[in-house]
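Below are two complexes that have chain A in common, paired first with chain B and then with chain C.
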Partner chain A sequence: MSLPSNIKQNLMPSEISFMTENEYIQILPRYSMKSIQLIGTKIPNLRALRREKVPLWVALILKSQGKCNIVIPDWLNLIYLKARYDEEVKFPMKFSDLPFNWIDLSKILLSKAPDDLPDPVHQLRSIIQDLREIRQVKTRKGLKEVNESNIGLSGLSLLEINELRPFMLSVMNKLREIHESVRHDDYDDEEVIDVDDDED
Partner chain B sequence: MKQNYWDVSDILASSEKIPTRFNFTVPGIGHLDNQPGKAIKKDTKVELPFWLAQSLAVAPVSGDASIIMLLAPDALNNTVQNAIKSDPVSIDLHSIAPNFYILAERWCALFTDEELSETLKKLCKERAYEINNFASNTSKQINNNFILSLDEFEKKLYKRTMESNRNLRDWLNDQA
Partner chain C sequence: MEVDDILRNFDTEVGQRSQKPKVDLYTSLSRVMLNERMAPEILPYQKDLLDEVLSRITNQQQLLLDSHEYGDVNIDSGIITSDYKLQLMIMETDIERLSYLVRLYLRVRLSKLETFTIHYIRLTGERDDTKATLLSDEEQEYLTKYMGLLQSLYNNSILKKIPRELTYLDEVESDISMVTTPDVDEMVFIKVLRDETITIPLEDEDELQLEKDAVFVVKYGLISGYLNIGDVILI
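So, the complex of A and B:
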């Protein structure tokens, strides 16, 4: 009850980034290390120069100690991202195919493992910025089609949806209320869960 | 119509005055019309708060007639509705009624006014689009009149949208 409503109903970008650190990523260890059994996950036996999949947070620790190289996912390079950008321009009604955590993952890798990247950091950063902007413009266009019952968000990443959520929920909830106000018998009001009735 | 007991906007909206006309002469309630002790005559026009007018208008006295008849409040008269239809973005909702949407929704529910509800939906959509534009673009002229014309619900919406956008922007720029 005491939490601000924007934290209660929504995730902070830093929380999403934290969740992304639990995703698995390939690394190329430089040293050998015995496997470690942790609660909920297991770090496999690491042998020098043999690729293994570990959670991203483990990879980042090893990376910071200079004990591994991170194998950059195959979408994080200029050629692939440029192609996606062209796709965004070409199909104005569709979002191109990017991982659901592309913004946060690329931010982490760009800052923590710049020497493993195939292309210069500043170029990657600018193409990512371009992609984000063109997708934002598209999302904004899509808002014109909003209605009280459903919305299509295919292709958007978690972070992008999260940014949109407070706006979308409020507007759709209002539209639903207006819609239902003239239809007393269609719904049982008790069953509709009101996501938005808090006061700030 | 769903009502939220704890919602301040809801309470404020229900105390909004709307014009009514008495169908009967009712003795002893002159205080409603600034004439304490006297009767309110048939066909007198009196402004009553929504919560009172609503119950009086649906309570039948003799036959089908109820004590009062509801007249369209200024906030929802034809001029306003036409203004909404012609240009939803430039209309000053806050000066019409601070809780315009709730008031209008109640009206829809009372009269099952489908046309008004469609107009409202269009109004809500177009203004929401504009609100989002403003919220994601804080450098844009902040003291634009549009922001001042928002009703209470829209203000809240604007604040939420702006906070969400700022959260993400700050985080991306490593300021969070």
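So, the complex of A and C:
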């Protein structure tokens, strides 16, 4: 009641981008502005054309007012992403190295700061979509590795993990229950026949 | 007093208070919220962090009110620039974002208390040291009142009409307890923060190596110790 059931043990995409907005990003101010003391952090004195690091959400406010340019992280360009895509194709068992929040960060920057991007937006969008799809195929192939004990997901971003979560949790918890009942019955033979059906 | 003076005063005020090693409040609060969100059981109440965040929010709100007043008074004199308004807007957004996290954290905890009411009544009744750290005073009060409401609802609607031996809410029938407890073996998604590799023994003499920054899905019970000391976080 105090928490809607659809966000229990799961995150909404909007919450993931909320968390991404708390990350710091470099900006190139166009005007000067005095420093602001915020609760969790402090925005330094901004001087025109001198790079500063601020939380992304502050950068987006300033950007929407036309007061700064956002310095695009060095992985968000066609050359780098193309190279990552080739890597994904070349190593079918491995995820290429991308930031933990690459999908949501690129989405925010593509929509809120298109004029700061080094490459045309549509080309970036299409390469990001390609990357996302090839990684999705890989994770789906990897789903057959799911077992009752543990599984490693290193290399995936939070949003990609979140997509898998409902499926993985329910399957792993079910497998665990079955596994436990098998173990339980090893000690106590009475229900062994029952369990054989579940096992395969 | 100039706007800058207000802001400067506040700077020094806050500066003095936060001389200790500076932790990013946003990060710690988001982590605490996420851990709570994903853990099957309720985690100890983060009193220090919450107290600090709440008192800072109150201070900042007061400052914001004062600044607004200052702005309203001087609106005709021409010293109020659009920059000033923008700064106030950023401050306001900051307050809203933090309160959102705090609210979410508390709501997750309340929903767990509502699900496992009897379990936590028992747990907090048993030992005094768990009671002191697991729940905040307000949550403890909420728990007791909620239980009272539940009980009187059950009593009035059904329990008083059925035989007395069937009316217990915490009966144990052939090893199965009526009280729902959190399932500590539930699977959780974790991310490792500690620099050294953590080795977790599994059943059948297997081991699980958790390297820094690795993401794993494991049973909550296996890592809950590391979670409490902050070596791993739930995601």
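Keep this in mind: the second predicted complex is superposed on the first by the 179 of 200 C-alpha atoms of A that agree within 3 Å, B and C clash if a C-alpha of one lies under 4 Å from a C-alpha of the other, contacts with A are read in each partner's own complex, and residues count from 1 in each chain.
By our rule, contacts are C-beta pairs under 8 Å (C-beta built on N, C-alpha and C of every residue); 3 or more make two chains touch, one makes a residue touch a chain.
What you see is a predicted model; the values in this text were computed from it and never measured.
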Problem - First (chain B), second (chain C), both or neither touched by A:Arg165 - result: both
Handout entry: Partner chain in contact with A:Met12 - chain B first, chain C second, else both or neither
Key = first
Exercise for the section: Kindly classify A:Ile178 by the partners it touches after superposition: chain B alone (first), chain C alone (second), both, or neither? Expected result: first
Problem - Which superposed partner A:Ile79 touches (first chain B, second chain C, both, neither) - result: neither
Exercise for the section: Return first, second, both or neither, reflecting whether A:Gly152 touches chain B, chain C, both chains, or no partner chain. Expected result: second
Practice task
Answer with first, second, both or neither: which of chain B and chain C does A:Gly40 touch in the superposed model?
Solution key: second
Problem - Contact residues common to both interfaces of chain A (with chain B and with chain C) - result: 165
Practice task
Flag every residue of chain A that touches chain C in the complex, lowest number first.
Solution key: 1-3, 8-9, 11, 18-19, 22, 33-43, 55, 57-58, 61, 65, 67, 149-156, 158, 161, 165, 168-169, 172-173, 176
Fill in the blank from the handout: The residues of chain B that touch chain A in their complex are 1-2, 4, 6-8, 101, 104-106, 108-109, 112-114, 117, 120-121, 124-125, 128-129, 132-133, 135-136, 153, 156-157, 159-161, 163-165, 167-168, 171-172, 176
Handout entry: Complex contacts: residues of chain C adjacent to chain A
Key = 4, 7, 10-11, 14, 24-27, 29-30, 37-38, 53, 56-57, 60, 83, 86-87, 89-91, 93-95, 97-98, 100, 107-108, 110-111, 114, 185-187, 189, 202-203, 206, 208, 213-219, 235
Problem - Interface residues, chain A side, partner chain B - complex - result: 5-6, 10, 12-14, 17, 103, 107, 136, 140, 143-144, 146, 148, 159, 162-167, 170-171, 174-175, 177-182, 184, 189, 192, 194, 197, 199-200
